[in-house]
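In what follows, subunit A forms one complex with subunit B and a second complex with subunit C.
Moving on to the complex of A and B:
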């Protein structure tokens, strides 16, 4: 009854309806603009080709999966042991002069033992490994990373990986006699026949230039890492597979080919690439950036939805019809939520398929993420808009004047991410704003989480929000509830 | 349900100003009760309290024995025209009535009935912001009549009406009373009231000065206007 009355109220002011439509259209239009202005091409050697889709892990996450794999078959249960050390890297043409190939240490170069379901990129695996500067770790599924306590700065170590059914356990030892378990991971549905072996990989050498005006420029260069494996068990039967390698070889690789050599019981493996989640590329939320603009008309409508009751003394008519101020405010908040949610769902529901088609035509491959993540980003964006509507309505009935309310909501919700991402604010301040203001909710759009085991910068400037997606959305929800509650309190005090 | 308005000992203080000082009267069904007094005498505050828009410091105001806020679908019990401008200017008159009808669980058909009854059928689909004061009064009356209530509260319903409108309003008030409703009408237009009101409540300084049958007052003072002027002499409402 009250809900229907307030719903009729909302949709019978033509300007409000138009505002909601414009909000949705802006999201769609900006998404299309972004999609049609984006294209992608890749080099295969010196040939330009359409970009191949990146490999994905079992969950559908896009991954880097390139490494030199000195491997053999393992049927059923078994284990592999080796002493790993002398992990060094070659970095091609680093700054300042970019004219030399130099040896160095890459913090996240990796050398170790791996069990993998075949040798195809993206196939399930578990590994114990030594890194350039982050000690000994056990990793799996491309995202799971567990440091070995006590080996945080190890430069060499004994490693062991053993399989028992679907369970893979990683061990580390300083001397090859006393073993310490790092972790056991479960690889569901792992077949009896798997590949097991030694691997070396080497992510691009990064330099991050902090710009004086804020933000940073990231440069990446080719690297290759080499490690020595001794006391290897099983001792023989090793063959090289270059997982994820194309036909192209850099100049360095032409004289220093990836793979293994063996001399005096020591197996030396060289390789480059990475075994890691893919975070660099066009993330799905990029096509929903129009939300920032679409929010503006939505905020105006939702604020007016609250303030119009007071500006035109409508509230007297409303309260004579429904003499329960708190319930009226609650129902109006619900209507604001529903209307904004519908606008949001329509906006996202149109933008995603349309832009996906345009991007596909332009050869753009979005960063693959598991489908629940895509659903979360899509539904979360609509929820963000819906909560923004409630927040704006709440500020409207709290302040009772449209202009201050619109300014306040925009300043709290829309401005912080724009200021933080464009580096107008110092990074720390920007990050705090994205924790404490309702703008934290934009975290719901972040499809790629931050991974500590990556060397790429992952600041707000790079699109990483300080709070987790749902925690961020909850911050906005709290603001919305608080604003509506405060506005309702004012209404109850003054109107009855 | 006894269709009466009972106002009993209402008191209200707005800061230092005493708006209501023991306001007490009753409105009986079947005739129009005029509610008159100088500006600031507390007429509007009393009307607002009857429909729960203001909270009294003391006293009660009830409709059919119940406080307004206790009524479910209150506009079916009492219709009020308090402020003809209390509407959204961009919403059409018809839509204004539609949401009100929905809030009282009334069918849309009732909206068109009251639009026809108040002579707004032709302009109902136009934005209410473009309505003249007279049209807004009619829309306010339409809203008050929406729930076909046994009790009506009309604050200055003659304001802004053209002569035709005044005649119409007089006839409407008479008809509503004749149907057995309790109709409380505040007005400054004594001549209008004298014709339609069977009973008059004269108030000043937040309390009732006289509550009597119109005939009685007219008999004593020759006209309602003279009665009003002598009764309210020296009790200007604004202090």
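Moving on to the complex of A and C:
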């Protein structure tokens, strides 16, 4: 009964309804503006082509999967052993003068042993590997990364990978006699016939320039890495597959082709690319950036939902009809939550399919993420809006005056991400802002988590939030509950 | 006009401490930059003046409240009865607001940059930040007079100040983006504070302040127009 009365109050005041509609429309309009202005084209050598969709792993996550693979068949159980070392990289035209090809160390260049379900990009794998500056590691599924204790700064190592059913175990040794297990990973549904072999890959050489206006510019340049494998077992039967390579070869590769050479029992492999999650591209949350703009009318409406009762002294009537201040505030908070949730669900529900269609027509491929992630971003965005509505309502009944309440909610919820992302605020201070203020909730929109095993910068500037998605949303929920509770206390104290 | 000014002063002096609190908050927020240090920043002046971006919200709120608040309580009818010339009423409020924001801005900006070594660009950035805060207060006054609902007015001003930069980033065409960057008031707060690599920005610091001034004049004009044309009863 009470819920219905409050719902009617909300519904029958035209300004409030209009505010909610405007909030939803802004989200949709900005999504469409972004989508229609975004296009994508890829170069195959010097030819412009439509961008091919990136390979995905078993979960549906977009991945980089490009490497030189010196491989042979393995039927059933078995293992591969080799001593890996002399991992060096060639970096093309780095700063300061961009006019030389220089040798260097790439921290995340990789050389090692891999077992893979075929040679198609995105196929399941497990690998033990030596890196340029991060020691020996075992990696699988493109996201799993386990360092080998005691080999954190190794420049060469004996590696072994053995298969037993669906289980792949990686070992490392300093001398080839005493072996230490790194990890066992399970590759579900791995067929009997797989490919095993030696691989080398080399992510782009990065330079990150801090910009005076805040943020940074990232430049990437082509690199190739080379490593030597000795004491390889099995000793022979190796063939090259260039996984994920197109037809195009850089100038450097035309004289230094990827693949392997063998001399005196040492196999030297050269390759470029990476075996890693794909994080560089248009993430799905980019089309929901309009939420920032939609939040403002929502905040105004929700604050007024709280303050208007006091301004027009309607609260006296309301409390006569229902003489329990706590229940009145609770029901009104529930109405604020429901109304903003509906506005949010409509906004997201329209924006996602419409913009996806526009982006598709423009040849834009969103960073592939597992479908539960997309659902979490979509539903989470609506939940964010709904909790923002409750928070604004709570601040409204707490402060009782609209202007301070709107300013306070905006300053706490909308301003921190803007300060953290588009200003000269140092990234670690920005990260603290995004932990402690209700703006932490925007983490729910982050579809690509941070991976420590990547060299690309992953600061707040780059769209990485310090809290996990649901923890971030919980911060906003806490603020909302606290604001409503404090407002209710004030109401109860002054009603009696 | 003097009488209108005196009337506004009396109203402020006797009203609950709303405006004073808002302005003190503005000073505090503007001074926040002092806590950021900035010894190793590329542009320490810009870092120290980050607080202006927070303080402007409080200053704008003060401007909005000064007029839209009167619509909320119905006081506006009394005010217009006493000072029937709309322009005079708004001018009196604008004068008083400027007189209130100026010391607050000087205080906030002064604290923020106090420990930096004085230099030409620093003084330019600090002086412009003070003028900017005054203009934003007047912008709030203009929007408040035009929109009347204080919550809606403050929402509009905050959207203009905080969300325009995000909107601009989403505009695909770089020429349009550059043109809009120069024409909106939102980017001025950053341009003004920049003392390193300022040449790379699409607009110079003084023209940027000019753009804000133009928006303020425009908002005040709409406010005067609304005061003239619409009945204060509804």
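By our rule, the second predicted complex is superposed on the first by the 495 of 496 C-alpha atoms of A that agree within 3 Å, B and C clash if a C-alpha of one lies under 4 Å from a C-alpha of the other, contacts with A are read in each partner's own complex, and residues count from 1 in each chain.
Note that a residue touches a chain if its C-beta (ideal position, glycine included) is under 8 Å from a C-beta of that chain, and two chains touch if they have at least 3 such contacts.
Worth saying up front: this structure is predicted, and the values here are computed from it rather than measured.
**Q** Looking at the overlay, does A:17 come into contact with subunit B only (first), subunit C only (second), both, or neither?
**A** neither
**Q** Scan A:436 for contacts with subunit B and subunit C and give back first, second, both or neither.
**A** The answer is neither, since A:436 touches no partner chain.
**Q** Is A:36 touching the first partner subunit B, the second partner subunit C, both, or neither of them?
**A** second
**Q** Using the touch criterion from the header, give the chain among subunit B and subunit C with more contacted residues in subunit A.
**A** C
**Q** Does subunit B (first) or subunit C (second) touch A:289, or do both, or does neither?
**A** Touch partner of A:289: subunit C, not subunit B.
**Q** Please work out whether A:418 is in contact with subunit B alone, subunit C alone, both, or neither, and reply first, second, both or neither.
**A** It touches subunit C, and subunit B stays clear.
**Q** Which positions of subunit A sit in both the subunit B and the subunit C interface?
**A** Correct list for subunit A: 15.
**Q** Could you please specify the touching residues of subunit C with respect to subunit A in the complex?
**A** 18, 22, 36, 41-43, 46-47, 50, 53-54, 57-58, 61, 64-65, 68-69, 72, 149-152, 154-155, 158-159, 162-163, 165-167, 169-173, 190, 194, 196-197, 200-201
**Q** Using the touch rule from the top, collect the residues of subunit B that touch subunit A in their complex.
**A** Spelled out, the residues of subunit B in touch with subunit A are 48, 51-55, 68-69, 71, 73-75, 80, 82-83, 85-92, 95-96, 98-100, 102-105, 143.
**Q** What part of subunit A is in contact with subunit C in the complex they form?
**A** Contact set of subunit A toward subunit C: 15, 30, 33-34, 36-38, 210-213, 289, 292-293, 296-297, 299-300, 303-304, 307, 311, 401-407, 410-411, 414-415, 418-419, 422-426, 429.
**Q** Taking the touch rule as given, give the residues of subunit A at its contact with subunit B in the complex, in rising order.
**A** Listed in rising order, the residues of subunit A that touch subunit B are 1-2, 4-6, 8-9, 12-15, 308, 312-317, 319-324, 495-496.
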